[in-house]
Amino acid sequence: MSGTTNGNATYTADEMMSIAASRELRGGVVCFVGIGLPSEAANLARATHAPECSLIYESGTIGAKPEVLPLSIGDGELAENADSVVSVPEIFNYWLQAGRVDVGFLGAAQIDKFGNINTTVIGGDYDEPKVRLPGAGGAPEIAASAKEVIVMLRQSPRAFVEKLAFITSVGYATGGNSREKLGYPGAGPSVVITDFGILRPDPETKELTLVGLHPGATVEAAKEATGWKLKIADDLETTYEPEEKELQVLRDLKERTEAARKAG
Amino acid sequence: MSGTTNGNATYTADEMMSIAASRELRGGVVCFVGIGLPSEAANLARATHAPECSLIYESGTIGAKPEVLPLSIGDGELAENADSVVSVPEIFNYWLQAGRVDVGFLGAAQIDKFGNINTTVIGGDYDEPKVRLPGAGGAPEIAASAKEVIVMLRQSPRAFVEKLAFITSVGYATGGNSREKLGYPGAGPSVVITDFGILRPDPETKELTLVGLHPGATVEAAKEATGWKLKIADDLETTYEPEEKELQVLRDLKERTEAARKAG
Amino acid sequence: MAEIMELGEAVESLVSDGDSVAFEGFTHLIPFAAAHEVIRQGRRDLTLIRMTPDLVYDQMIGAGCASKLIFSWGGNPGVGSLHRFRDAVEKGWPESIEIEEHSHAGIANRYVAGASNLPFAVLRGYVGTDLPKVTSTIAPITCPFTGEELMAVPALEPDVAVVHAQQADRNGNVAMWGITGIQKEAVFSARRSIVTVEEIVDEFEPRPFQIVLPSISLDAVSVVPNGAYPSYAHDYYPRDNAFYEAWDPIGRDRGKFEVWMARHVFGVEDFAEHLRSIEAEGMVKE
Amino acid sequence: MAEIMELGEAVESLVSDGDSVAFEGFTHLIPFAAAHEVIRQGRRDLTLIRMTPDLVYDQMIGAGCASKLIFSWGGNPGVGSLHRFRDAVEKGWPESIEIEEHSHAGIANRYVAGASNLPFAVLRGYVGTDLPKVTSTIAPITCPFTGEELMAVPALEPDVAVVHAQQADRNGNVAMWGITGIQKEAVFSARRSIVTVEEIVDEFEPRPFQIVLPSISLDAVSVVPNGAYPSYAHDYYPRDNAFYEAWDPIGRDRGKFEVWMARHVFGVEDFAEHLRSIEAEGMVKE
């Protein structure tokens, strides 16, 4: 997806994706944030409509208030103005597993139609993979224990696949009520935000269904970018275009981040 | 037992007991200290021949250096100059259970011939006891996991009993190699210090045997103060009398403690 | 997210008859003020949980708030017995009380399991002692990797945890330092929590071994100066050892206890008045 | 009790061929200096353990120190892949490396079990993922009280833990603050430990969220200023993001990697010389 124009400004599909994802974060929630796109969207939410949301990074920072986007889950920026900094076991046991996280915000390398995620290997088999990805990190337990999960990734046939090479983190397992049978406390992925639009699980089958299109995106293009036969909601909506303030805050944040990255 | 005189000064049997116990603590050891008599002896050791020993109290203070004797395991005095203060789970899991404690220093209400300890109930049965004691506290795991255990208590037929009303903390269980079968990491009580003398386990049977008498005490009196038929070592030794410095340091410590207790 | 509110309101809305409640504090920062408020509001049938029940549980048990006690060491530290506790256990006065007894390590790990949303914790202990004979919440468990046998204890998940701390900030984050014992685990294991604090500050200064309970982990924060008296608050006030000694003859006698409670707990509006009331009778050290 | 000694001596006496070694640090305080010393001393057949293996393990794996890696997330944070790690896993260069892969929560709890001298830890996780299919150190366990089924993971008990911290005092107590990750558990789970520090101070100042590793829990403390470079030391120096980016093309190419290692790691005496050496080629940010 490339850029689009609204009344005020041109914006890119990536910007639309981050803004759409940030809108999913309600004020006051406790959000466990993955690095990269999720961190961008969560901090955009904090700087716009959800200043009260509390960001947790797996390095142990609670109530992190970064001025620039962290490059890693352990940047000093995260500890600087945090409400608390605790050990890694404490974050995973006393916070995540304990059910204190309202929203888990994840990225992914691959996702399937039931919102299961792969961040381990692609191609070949596990012992001799074509591509060795970084691995699980905090994702499996975020997917298991956060009350709900928001996933962000760019839509393409390589990323949205019929069958994952490896299930690193569980979404709705094989669909229907199969996740419930696994006994996880969290409800699973409530939404997947892409550069094309917004997917939500069907209430019954739990299959990810396109419920919203970003301005300029088409159903046909979204279908082509999906490795399975993508279901489309009857009442497909169109995402509100980025507001001027959203765009400005996002761009400021990215500029500050780039400047800090070069400087320090 | 009442007082006795040496060349320099009169001292009480309790003073002799504390001094004898303090001498058991070698320099440089990590010592997990119970409140009361053990704390008195451990701090006497630290103030005399073992300044390098590291005192741990179950409230979480590591390397505590109290100027006055704490009344409880959680006195502020213990945190003031400690090397570190950690949580209670950390003290029990990362320190005691992990095998980082060389010496556990315990008091007791009752002890049997195999060094098992009762601090729970006396008389009647558990549900309707004659005397309800404070309970286990940290003692069972100190007895289980400290590399060795030193026990201090005044000798009397009510305290040194043939059969405990309740086994709160395990010494040598039923003697012989029965402790080993329980799988505990620590070796068990290496010595019991009383106001009469010093008892150590027989290397084979593990039965506590009188190996030392304090000056002025007699074998007969010690036997009478014991609720089982007390074994006496062939080479029974006599405890060295308190040195002037030991007495002086002990009395200073107790005076400072009393003054602090009244003041604050 | 913690709401900053009056202690009376916090107890009213968060503690109910029949609840399991953990008032924690390891000699330091014992939440006396909150316990008095619970006594005054007449809560009944509570399951009291605490590693080291001391005077404050003696008072609650003697006042008839409790039907069960889960604990690991019950005494008046440095003084002797808890006579109200013993009277309830030994003679069933004012009513009989069920006890569930563990070691410190056992209770500590039960809180850790509760804080971690696990149904049980594992430890090396209890084997060969009489505790498993009298306490049903101890069970063997086998390591699936080594075959070793250890002991398991079930998670503690109190309905309410109550602790006292030195400071809160205006957002309801709480800072505590000195000996912080098991307080974090008690709060994290509980469904609801009340924290009383000495004062509210604009910003926390760094202190040695300070812990912070983030506002989002708490329900109510109430300001009660001297709220841990007669225990101590590190850097605020020392322990009043004289009070602990003075308690012994009061706690020893049912009549004296009832008179004292009527005058100094039931007969006052709040903890500030309690302190003035005992001070007037020479019980508070200058 | 920690002995304060030269890093070369600490590695010489405490790290042997075939050891399992955990160099921990969660982006912050990564012990680069100690890892370089291990590389320089030519250790082989190590089992490397780390939640977040990054550049420093890329260097060790590429240099042929490791026969096994136990980990939960391996990447160049903010940049991309670890090419030496991938080359070993995907193509067996310079030798094939066995991997044992967990989630962060799994490894964290394995360290906690090791630090607690327990054979295993319990957590809610792994169910429904493919990790149990490829990782044998995950097994179901049943709660003896509720009958619930959970997952167990075996304790990690490294032969050696290596971490970097800001300060030690003259007795060898170590202070660390900012993000302290899993370092305490790594040190406590290990049989032996080496801590490198930025400096030795007379007394620690209180810092927010500071932890102290008491001297009696450590074996060797070595002073290595900038010893965590190119990662950062909170309140000492920032992360050199440019280095992480510059590493990508070096790590991507076997030849470039070997030249770089020969020049900047094998070809220098110590970490101070390493820093001068890369600075001379414009790789250290001012």
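To keep things simple, chains are lettered A, B, C and D as they appear, and every chain counts its residues starting from 1.
Rule of thumb we're sticking to: contacts are C-beta pairs under 8 Å (C-beta built on N, C-alpha and C of every residue); 3 or more make two chains touch, one makes a residue touch a chain.
Every value quoted in this text rests on a predicted model; they were computed, and no experiment measured them.
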Exercise. List every chain that touches both subunit A and subunit C.
Key: D
Self-check item: Shortest walk length in steps over touching chains, subunit A through to subunit B
Solution: 2
Practice problem: Could you let me know which interface, A-D or B-D, is made of more C-beta pairs in contact? | Solution: A-D
Quiz prompt | Centroid spacing, where centroids are CA-atom means, of subunit C and subunit D in whole angstrom | solution = 40
Self-check item: For subunit B paired with subunit C, centre-to-centre distance based on mean C-alpha positions, whole Å
Solution: 28
Self-check item: Interface hub residues of subunit B, defined as touching at least two other chains
Solution: 84, 93, 97, 145, 185
Quiz item: Residues of subunit C touching 2+ other chains?
Solution: 117-118, 123-124, 148, 184, 208-209, 212
Practice problem: Pull out all the chain pairs that touch, please. | Solution: A-C, A-D, B-C, B-D, C-D
Self-check item: subunit D to subunit B touching residues, read off their complex
Solution: 1, 115-118, 171, 173, 184, 188, 212-217
Quiz item: In their shared complex, at which residues does subunit A touch subunit C?
Solution: 28, 30, 54, 62-63, 83-84, 93-94, 97-100, 145, 185
Exercise. Over in the complex, which subunit A residues touch subunit D? Could you list them?
Key: 35, 58-61, 71-76, 78-79, 84-89, 92-93, 96-97, 120, 126, 128-132, 134-141, 144-145, 166-170, 173, 179, 182-185, 261-262, 264
Self-check item: Interfacial residue positions of subunit C with respect to subunit D in the complex
Solution: 117-120, 122-124, 137, 139-141, 143-146, 148, 150, 152, 154, 204, 206-210, 212
Practice problem: Sort out for me which residues of subunit D touch subunit A in the complex. | Solution: 26-28, 51-52, 71-75, 77-78, 81, 85-86, 89-90, 101-105, 108-109, 111-112, 123-131, 133-134, 148-149, 178-182, 184-185, 208-209, 232, 234, 238-239, 241-242, 244, 285
